[in-house]
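These are the structures in question, set out in turn.
Heads up, the next two complexes both have subunit A, just with different partners, subunit B and then subunit C.
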Partner chain A sequence: MDWVSVILEGALLGGLYALFAAGLSLAFGIMRLVNLAHGDFIVVSAYIALFLAQTVGLHPLVAYPLAVAIMGLVGFLLQRGLLNRVMGDDIMPPLLVTFGISIMLQNLLLQIFSADTRGLVGGGLQTASLALGHGIAIGWLPLLTMGVAVAVIGALQLLMVRTRLGLAFRATSDDQTTARLMGIDTRLIYAVAMAVALVVVAIAGILFAIRTTFDPASGPSRLIFAFEAVIIGGMGSLWGTLVGGIILGITQAIGFALSPGIGLLFGHLAFLAVLVFRPQGLFPRTRGA
Partner chain B sequence: MSVNAPSGRIVRATRASRFGGLAAIVIVAALAAMPWWGERSAMRTVTEFLYILALAQLWNLMAGFGGLVSIGQQGFLGIGGYVLVLLALKLGVDPFLAVPLCGVAAALVACPTAAVVFRLRGAYFAVGTWVVSEVFRLTFANIIWLGAGTGTSLTSAMTGHGAWKREAITLWMAVAMGAGSIALVYLLLRSRMGLALTAIRDSEVASRSLGVGVPRIKFIVYVLSAFGCGMVGALVYVTKLRISPDAAFDINWTAVMIFAVVIGGIGTIEGPIIGCLIYFLLRDALADYGAWYLIALGALAVIAMVKAPRGIWGLVQARYDLRFFPVQRRIVVAPAVPLPRGGRGRPTADSEIRR
Partner chain C sequence: MSLLAVDRLDAFYGDFQALFGVGLEVGEGEIVAVIGANGAGKSTFLRSVAGLLAARRDAIVFAGQPIGGAPAHTIVGMGVAMVPEGRKLFPSLSVEENLRIGAYRGRPGPWTLDRVWRLFPRLAERRRVSGTAMSGGEQQMAAIGRALMSNPRLMLCDEISLGLAPVVVRELYAALPGVVAEGCSLLVIEQDIGQALRIADRVYCFQEGRVTLAGRPAELTRERIAAAYFGA
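== the complex of A and B ==
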């Protein structure tokens, strides 16, 4: 067993998990909303990309960005039309509404696309790899995914810190009422935040679907991976989610290398261990969440 | 504060509740007698209805009255099912005797689980419970002795009883679970603990500052729910006779509980009953259309959350003030009693309330 390549592979898988987690973390950070349909939106983006590329017949380089844009619009409309109506001090309504959406999406996908597993074309990206010598090779796709994850998280960080929109996000997150008094349309801000979150979700979803096959029931475990990366990394910290994702990826890879049946279990146990021994996560930013 | 308290009476029962109690006894008796008058297929439907009702009541106890949103109840249901395999199939215990033991096993598992998931608050608690149920599923999917991922058949464990007796006992157990869950929630909520539980739902910080033992009460409710889910899980697989990790730990178990409660009316005992009826009617009406009943159910739940957060029963109550299972305390002030000095305001529920 070559542990170096196992760990390397797991670390790069962490890039994907960090992308899963970034959208979840963003929505929670700005709106205190835990979107239980998060994983299903990842899968929905994959199906939209699949539909555009295969059924409509667009070139993947056109179809995939278009799918990302569509998901952004979906996020905006979803927040404006539905989720804004249930946002408030009580966490239960948004939680139950997004849970309802999750079950609906899973079963809608099942009815439309059947339970067959699908995959997205990646133009040979899936199999191409980079030889590092000493018999170690890493795939271009995982490397690209990690690059995208770093770029996306960096861009989100800049957005939050450097732009007026980011200022409005942070103000809304800190104190919704005061933000509104200062002339911020918090409902619009929420809609924009959800649009940004689902853009990140769609990027993650497409990379995920090129990497591995998916089916209508793939959503819930993506939500769980995203959630675990957020908690391991520490709530509210975007770079923390990257570290959380990498730790999750490595533990899963080690588990899979030991026995294929226990890979996911290993990841979950790492998460539970963090919860028991360091409940605030490794790089906590927000408290009391 | 007793100086200002008007000398009213605190009333729990309503006219509807006296009727409700009587009707409940009649219905339970009629259902329990079903083996002598009912069709086999009807008995199966009633059995399923009653155990789904029990699940919905227990979920409502946690979420509707205690504010604890768990989406991992399928974890305890699955454990109940698998402990049944262990006891009935592997150790030769009578399956019906095993059912309550499966509940105990699920409750025992819930104790350490609670210690972990209660580190998470609110929405994160919800996802945490889900992760734990995934851990259970993956664990059982790796135990080859219990059939691993493909599961195992329980048929050989069920040969001890004749068909009539088996179906009758199954039904009686379902009646006990359905009626028992209602009785449990009703009695619990009318006790001091119920008051504490609803206080936690309304404000955890405030109730803690008033001396409510928040962690203890949350723990008790969580473990009680797990006990119920474990028993139901065992009964489910007494009837289904084939268990697999994906089916036993299926998130749709919890989806049905949540949808039934939300559509019927969260935070009431009548709500889950109505919600379960709607679930069965919808599933029956859309039986030929695959998963559409779940989509319709999800849509109804989302609409309910947005338009009528108290569900169907909430709408009924707003119009008719009907309570078959009243759990709140109401103060009736006799007209002859003078109001407190200068006070024209009506006494509210937070004037002194003692049992």
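== the complex of A and C ==
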């Protein structure tokens, strides 16, 4: 067994998990919103991309960015029209509402697209690989996914630190009431935050759907991976989610290499180990600039 | 015409009524102090003016516009800034970022980062540290600077002397006349009656959600204040 390949493959899979995690982390970090429908939004993005590419017949390079933009708009409207109404000091109502959204989305997708598994076209990207010598080869798609993950997380980091919007995100995250006293319309900020979160979700969803097949029930397990990557990396730390995703990817890959049945279990065990020994995560949120 | 005119303002926390028909005015360029015991409704009053609590629309009129119950962020945009009780700096923002967020609405006016550094030179030295990593006095300076960055016409100060050493309190209060000179009126809540009487043009005393006394410091005797403060 070639462990170098296994670990490389796992690390690159971590890029996808980091993308899953970044959207979840963003919504939680800014709004303290635990979005239980997160995994289903990943799958919905894939279906929207599928619909635009296959049914409407757009070129993937047009269809996929369009799907990302649509999800951003969905995020904004969802937050403005629904989630803002249930957000308050109690975290329970939004939790229940997103749980309900999760069930509705799964059934809606089942109704419209049936339970058949689908896949997105990737223009041969799925099978192309790069030979590194010594019998080691890595796929272009995982490499691209990792590149996108680094770029997305880097861009989010810049947004948070360098822009006026990022300043408002961080102030609102610290103290919503005082943020309002600074002239920040926190409800609008929440809607923009959700739009950004679902843009990241859509990017993740499309890369996921090119990589592997999906069906209407694929969401919840993506939510679990996202949660695990966030917890391992540390709540509210964007680069932490990348490390969390990579650790989750590597442990899963090692598990799969040992025995195909225990790959996911290995990932869950790594997650539990972090929860037990370092519950704040590896890179807890740092205070101050 | 008054800059701020509050007339028959009631305020509630759920079923609990905290203010009963409060009336108060702040003129252009004035410093008005509100004194009163704990629970008299002083902070509730400021929160109502700032838009954090529901209020009858015409109960609060600012610069001729009714603002009662308007969203806090629009009230800031009109020129009302708040220095909240407990300072409430944003812990994940540096001192400089805390000040910059104060200018979020982009109102034009005399206050810039440089002006705030000149008002409180100690802040300039600590611009890169987290807002909450400073001493209480420095945090209060940052909270005042942050409010000024919105270029307010009226600044609401909730107990800026709370928990601070007397020498620091004097330093903070010494900065306030400069603020007024730049065209910003002040409405300050103060537990320290002596401090309030020294700085204010006019004083209001609250007791159990009602105004029990109003007047110029020179007109108020110790006995009248005691009666208004504690109830006769």
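Just so we're on the same page, the second predicted complex is superposed on the first by the 285 of 289 C-alpha atoms of A that agree within 3 Å, B and C clash if a C-alpha of one lies under 4 Å from a C-alpha of the other, contacts with A are read in each partner's own complex, and residues count from 1 in each chain.
Convention: a contact is a pair of C-beta atoms (placed from the backbone, for glycine too) under 8 Å apart; a residue touches a chain by one contact, two chains touch by 3 or more.
Note that the coordinates shown come from a computational prediction; the quantities given were computed from them, not determined experimentally.
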Query raised in the report: After lining up the shared chain so the two structures overlap, which partner does A:6 touch, if you call subunit B first and subunit C second: first, second, both or neither?
Result: neither
Requested in this report: Using the touch definition from the top, say if A:180 reaches subunit B (first), subunit C (second), both or neither.
Outcome: second
Query raised in the report: For A:168, is the partner it touches subunit B (first), subunit C (second), both, or none of the two (neither)?
Result: second
Query raised in the report: Who does A:282 touch here: subunit B (first), subunit C (second), both, or neither?
Result: neither
Requested in this report: State whether A:261 touches subunit B only (first), subunit C only (second), both chains, or neither.
Outcome: first
Query raised in the report: After lining up the shared chain so the two structures overlap, which partner does A:121 touch, if you call subunit B first and subunit C second: first, second, both or neither?
Result: neither
Report summary line: Between subunit B and subunit C, the one with more contact residues on subunit A is chain B
Query raised in the report: Just subunit B (first), just subunit C (second), both, or neither: which does A:66 touch?
Result: neither
Query - subunit A positions touched by subunit B in one structure and by subunit C in the second - result: 288-289
Requested in this report: Please give the residue numbers of subunit C that touch subunit A in the complex, ascending.
Outcome: 50-52, 71-73, 76-77, 81-82, 84, 88, 90-94, 97, 100-102, 104-105, 128-130, 132-133, 146, 150
Query - Contact footprint of subunit C on subunit A as seen in their complex - result: 164, 167-168, 170-171, 173-175, 177-186, 285, 287-289
Query raised in the report: For subunit A, which residues are in contact with subunit B within the complex?
Result: 28, 32-34, 36, 82, 85-86, 91-97, 99-101, 103-104, 107-108, 110-111, 220-221, 223-224, 227-228, 231, 235, 261-262, 264-265, 268-269, 271-272, 275-276, 279, 288-289
Report summary line: Listed in rising order, subunit B residues that touch subunit A in their complex are 63, 67, 69, 71, 116, 119-124, 126-128, 130-132, 134-135, 138-139, 141-142, 148-149, 251-252, 255, 258-259, 262, 290-292, 294-295, 297-299, 301-302, 305-306, 309
